[in-house]
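The following pair of complexes shares a single chain, subunit A, combined with subunit B in the former and subunit C in the latter.
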Partner chain A sequence: MEILQYSIRKLFSGIPLILGVTLISFVLMVYFGPDKTYELLGKNPTPEEIAEVRSQLGYDQPFVVRYVDYLRELATLDFGNSDSTGERVDALLARTIPVSLALTAPGFVLGNALGILLALFAAYYRSTWVDKTIMASAVIGMSISFLIVIIAFQIIFASSYGLGWFPVRGWSIGSIGDYFSYVAVPTMATVFVALGYNTRFYRSVLVEEMTRDHVRTAKAFGVPPSKLFYKNILKNSLIPIITRIVFSIPLVIISGSLLIESYFGIPGVGKITYDAIISGDQPVLKAVVGLTAILFVLAQLLTDIMYRAVDPRITLK
Partner chain B sequence: MPMKFLLSAAILLTTALLLSGCGDSQDQGNPGSEVANLKVYRHAMDQAPTSLDPVQAANVYANFIVLNAFDTLFSYKYLARPYELKTNLAAAWPEISADGLTYTIRIKQGVHYVDDPAFSGGRGRELVAEDFIYSLKRHFDPASRPQGAWLWSGRIVGLDEWKQAGSDYSAEIAGLRTLDDYTIQIKLIKPYPQLLFTLAMGYSAVVPREAVEHYGREFAIHPVGTGPFRLTSYDTSKVILERNPNFRQEPVDIEFEGYDPQRHGFSGVAAIDGLSPPLVDRLEINFIAEASARWSSFTKGDEVQYASIPNEQVDQVLASKRPVTLKPEYAEKYHFAAGIEAGFVFQTFNMDFPEFGYNEDPQRERRNKALRCAINKAYAWEQRNESFYIGLGKVFPGIIVPVAPEFDTNLSTESITRDLAGAKKLLADHGWTPENLPPLVYGTNSSVTARLMFEQFRAWMKELGYPTEKIILKRFATFGDISKAWKESRLPFVSKGWGLDFPDAENTLQLFYGPNGSPGSNDANYRNPEYDRLYELASTMLSSPQRTEIYHRMNRLLIDDCVSITGLARTRIYLWHKDVIAIPDREIVGGFFLRYVDIADTEQPAITGSVFR
Partner chain C sequence: MNTVAITTVRRESLWSKAFYKFSRDRTGMISLVFVLFYMLIAFGVTLGWLATDWSDVQGGKWEGMSTTYWFGTNMIGQDIFSRAIYSTKTAFEVGLVVALIATAVGAVIGAISGFFSGTWIDEVLLWLMGVLDSIPFYLFVAAIVFAMQESPYAMHVAMISTFWTGSSRLVRGEVIKLRGLEYVEAAHAIGVSELGIIFRHILPNTTHILLVQATITFVAAIKSEVILSFLGLGVKDGMSWGLMIAESSQEVMAGFFNNFLAASVLMFGLVMAFNMFSDALQDALDPRKVS
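Then we have the complex of A and B:
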């Protein structure tokens, strides 16, 4: 009951956030985004045809009217049809979000799990060659452009110039084997880059926890290292770890990964979003921005509830 | 307890979403799958179309699918070059009245649409003449968001008036009607020699009204036509089409299609003689924007079977550029074709800018012309060709492209030959100094290549004596943005490319016809009464030496007025796997060749060869 009441309060308090995000993004879309009109015209348009297209796109309406329409669409989750493909936006997202999720989830899970594991090692062997090696590797992973990693991994693991173990591109899944085959190289590329950021972040969190009095006390009482790390350090470090992971989820779900999807030919939401940005497909953009804002509010709620679960001292008020 | 419940629910939801992402199995063409034994051709393109609705088939990417899912009255012969029209849905060539104003076209009987829920009982009905009328009317109905009206506007009796009256489909149009279920009659306001070409374009593909009404705006992703293939899936990464089992049986006459053993023998296309298209069971068109990914997929062996050579791979793959030949290791594995595009890249001055174009002061106008000519003389086309088109582009004078039948082979190349001394003299003779030269705003897109092209241009202008700070770059993030600037006449200098819609120089000459000024296709806003008079004179003439001569005169007028810095036609090099029996072509026709693509049962003999247009 406490959780339910808190959730309702939290969701209501998220409304200003959603209004703020949607307003700012809509201002950017309308006043700074691409003008879709000229992509929808023929080669030799007349002024009348230009006016017709602008009217169809709603460009001839006052900003306030268009923004209120946006809020209505967000409330009803009915964003109409894409201005580019004509496909219904809800169908478009329903088709592409699961693909992006299936694509990014393994990399997300592995990147975080391995990041925590390596951070534990680095923290435990702080200032030794183990720590330095892990941190140096992390910096290398962070320093190389994601694009370069993708191209290199594609050539090494998938192309005929390299090992050729996996498909170069595509998303043709008829079995779980196919899934692993298509997701392997994108996952490796994602993990390679994410690992650097994650390991550095988690290491700093763990090192900070290791310097606390209760850890020193536990050590003095002779608690074995494995128990010390799991119970006294990792569990007490969960607050920032949860924050980082949960707040990444909306981006994993909605944004997908543009570069991965483009280079590996995967029909996910990242490519859809990118195309919408560069072409000014406002119905799709409005949906993506609005839903991302809603997901962040939900992520905030989930984070608070999880804080309560991992730290009983925290109350949901 | 609530926490465990929440956690379990979250895991279940995530698993369900993951499974739904994996379960959308669109492509069973991989080895071991249920359709592994089908003939599958996997094509690659560098962009995806945004709409598959014929009224929005504005580019080659859309036409690749539209022309295979739908039918047009006419199409082009598979192999004949220069391009030649042939009948497609039309049962015969049209009967044309003596005054050239009335076209009577009979269409084939017994042509059926693919089965689709849009039809009563789900069975595709027979295509009738009224469908063509409806399809053309859609271009004049704003609700369809059409892009092809410019082809027929002001050409067909009553069509523009029909739009002005509200685009009521129940209203008849005097110039566009059916005589019976299989006969179409088109009445023109004035002769339109390019009419049949427009009826081979994806824009004129025939659609069934009930499907358009059934799917609404989503008709753009649910094409329902009578073409050789039917669409089974479409997303940002690829489109999959399967053989239309009801497609009419029309055996290929390879000689009629323009087969020449010397030019085409290497490809094995002679083997399709007598077969009825489509020849593959399944057609996949992969949209791969990244050249490296496209090349890796092509060379993998079991993925895409067709690709162009990325610029960065040219030295790796080609043994020589003139003529184009492959290194042995590539020639052993792939067929290739090299040919000049049916289009060109060029720059124009916007004559509406008094600093460079028309000016109320006649003396300044003369000086402006000298300035334009000097810039043209300082432009180094060959250097541009080497820097950005791997030295394989064809530089030509004027705007009649080499692929057009009216190309002027005798035209002087002076306008494309760099003459820096002459350019400097021209400036000096007309009183231009670094101090009084006007700022030149160079608008382009935001790509790295575009930036490099600008820097090269600025360097040439610096050599001419143009102060660097007066050559100003204005970048546009998207094509829509730069297109808007062109159409609103906001740029004094326009860089762009043009692909031919049909093989007739009229298609490029109209780019400088006065009444087509902004927001029309005449971005140069060139208004020369003599040019316009000649254009209007030629516009009603059938192809003939007299018309070609008029075209040539117009071309020379443009060169003399230094309104445009032109031009270069890029050379395309295509490679395809040797088990693919085809001569691919993406020019003009867009995707007509796909119905003739076959896959060999066993690997073809390793013959090296090429096609030159």
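Then we have the complex of A and C:
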């Protein structure tokens, strides 16, 4: 009950964020985005035809009306039809979001799990050669551009110049085997890029916890290292770890997959968003931006509730 | 007669200690040399001494490495080495402009927000940071690129308007700490204006954070530039490692890797050196950092 009340209050307090994000993006879209009027018209249109297309696209309405319409669409999750293909936006999203999730989820989970594991190793063997090797590799990994990793991995694992184990590009999933072969190279690339950043972040969080008094006391009382690391260090470092993981979810779903999807030609949210920006497909952009903002508010709520779960000292109020 | 022993006390400040610490840090010094070397190349290109022939079509298609073309030629016979060297200038220009302006904006807004924390000013500024952080980055950049009508600085503006929030949050936290110290109270007591306190007495004490933050932003800007140029949202006229990689994505399929490797290796060298430099700087400047 307390959690429910808290959630409702928290969701309401997220409204300013949603308003801000949608307003800024909508101003950019409406006043500065590409104009689709003439793309939809034939040659030598009459003024009446122009006016008709503009009213179809909603261009003739004043800004305030269009913005309020947008908010209503966001509240009912009904964004109408895409300007470019005429497909319903919700159908489009229902088709592409699962693809993006299936594409990014393995990399996201592995990147964070391996990051925490390596960070634990590095912290456990702090200032020995194990730690130094892991941290030096992390800096090297952080210094290679995502783009370079994608192209290099494609050459190494998928092209005829390399091993040629996986399909070069595309996404046609018929079986679980297909899924693994298409998702392999993108996953390896995302894990490679995320691992450096994640390991460094998690190690610094763990090391900070390691230098605290309660850890020293526990050590003095003879708590064995494995228990010390699990109970006294890892559990106490969960708050920054949860924050990092949960807050990267909204962007992993949308931004994170954009580069991979456009490079490998995978029909996910990132790809349709990119196409929508280029062609000025406002209904699609409105849906994507609005949903991202909502995801951020939900992520905030989720972290608060999880803080409570991992740290009983925190109260929800 | 008593003689008074005069001992010269060496003044120790954060900066002199940091300088000493940095100069003893071998990785830090080596990375600094690398960064300076890249900077020299960028200067040379800016002054027109190096890589002036980057856009000339001189050789045949896809020539191999030779004494004339150190890294061979690309699809239309341009010298890859020249292009990669010229791109160093582009990277530095983007990195410097974005890092300096974004850090400065972040410092000012963060200081104001921290100083007035607990009031509506802070609420509004925090809301603004939250909003900017919640707009998907590539969408935002693309929107700005359209809004600015193909201006060569659209990419810079987009990066500055999103990258300042990181510095701003850090400065805000530090200012909240500094605000409660006695010297600030003393400044209040003798009647220094609020703006005077923020900009003359508080902000200068966050310089060590800003310096490290600027190096981090520099690296982020270079890396984003490459991806944005590749997507067609970044550098329009001129050359950059991102554009070279975009060109090379067709060549790679045909088995010619020179363009891709030249851009990748040069970029990796700069980013790596800068990352290590940034780390060493942080070690030297942050007394609380545990490593």
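In this section, the second predicted complex is superposed on the first by the 295 of 317 C-alpha atoms of A that agree within 3 Å, B and C clash if a C-alpha of one lies under 4 Å from a C-alpha of the other, contacts with A are read in each partner's own complex, and residues count from 1 in each chain.
By our rule, a contact is a pair of C-beta atoms (placed from the backbone, for glycine too) under 8 Å apart; a residue touches a chain by one contact, two chains touch by 3 or more.
None of these values were measured; they are calculated from a predicted model.
Q: If you stack the two complexes on chain A, which partner ends up touching A:R169: first (subunit B), second (subunit C), both, or neither?
A: First partner only.
Q: By the touch definition at the top of the document, which applies to A:T292: first (subunit B), second (subunit C), both, or neither?
A: After superposition on chain A, A:T292 lies in contact with subunit C alone.
Q: Looking at A:A102, would you say it contacts subunit B, subunit C, both, or neither? Reply first, second, both or neither.
A: first
Q: Hey, is it subunit B or subunit C that touches more of subunit A?
A: B
Q: Just checking: does A:S159 make contact with subunit B only, subunit C only, both, or neither of them? Give me first, second, both or neither.
A: Both partners.
Q: With the two structures laid over each other on chain A, which partner does A:I151 touch: subunit B (first), subunit C (second), both, or neither?
A: Both partners, subunit B and subunit C.
Q: Which partner chains sit in contact with A:S25 here, subunit B, subunit C, both or neither? Use first/second/both/neither.
A: second
Q: What is the contact status of A:L17 with respect to subunit B (first) and subunit C (second): first, second, both, or neither?
A: A:L17: touches subunit C, not subunit B.
Q: Just subunit B (first), just subunit C (second), both, or neither: which does A:S262 touch?
A: A:S262 sits against subunit B and subunit C alike.
Q: Is A:G86 touching anything from subunit B or subunit C once the two structures are fitted on A? First, second, both or neither.
A: Touch status of A:G86: first partner only.
Q: Jot down the residues of subunit A that show up as touching in both complexes, subunit B in one and subunit C in the other.
A: In subunit A, residues 34, 151, 155, 159, 161, 262, 278, 280 are touched by subunit B and also by subunit C.
Q: Touching subunit B in the complex: which residues of subunit A?
A: Spelled out, the residues of subunit A in touch with subunit B are 3, 34-47, 49-50, 52-53, 56, 81, 84-88, 95-103, 105, 151, 154-155, 158-161, 164, 167-174, 176, 178-179, 261-267, 271-272, 275, 278-280, 305, 309.
Q: Give every residue of subunit A touching subunit C within the complex, in rising order.
A: Residue list for subunit A touching subunit C: 16-17, 20-21, 24-25, 28-29, 31-34, 139-140, 142-148, 151-152, 155, 159, 161, 207-208, 211, 250-251, 254-255, 258-259, 262, 273-274, 277-278, 280, 285, 288-289, 292-293, 296.
Q: For the complex, which residues does subunit C have touching subunit A?
A: Counting only subunit C, the residues touching subunit A are 127-128, 130-132, 134-140, 142-144, 146-148, 223, 226-227, 230-231, 242, 245, 248-249, 252-253, 255, 257, 260, 264, 267-268, 271-272, 275-276, 279, 290-291.
Q: Note which residues of subunit B are touching subunit A in the complex, please.
A: Residues in contact with subunit A: 2-3, 6, 14, 17-30, 33-34, 50-51, 53, 56, 58, 142, 145-150, 153, 217-221, 235-238, 286-290, 292-293, 296-297, 299-301, 303, 477-481, 483-484, 487, 501, 510, 516, 519-521.
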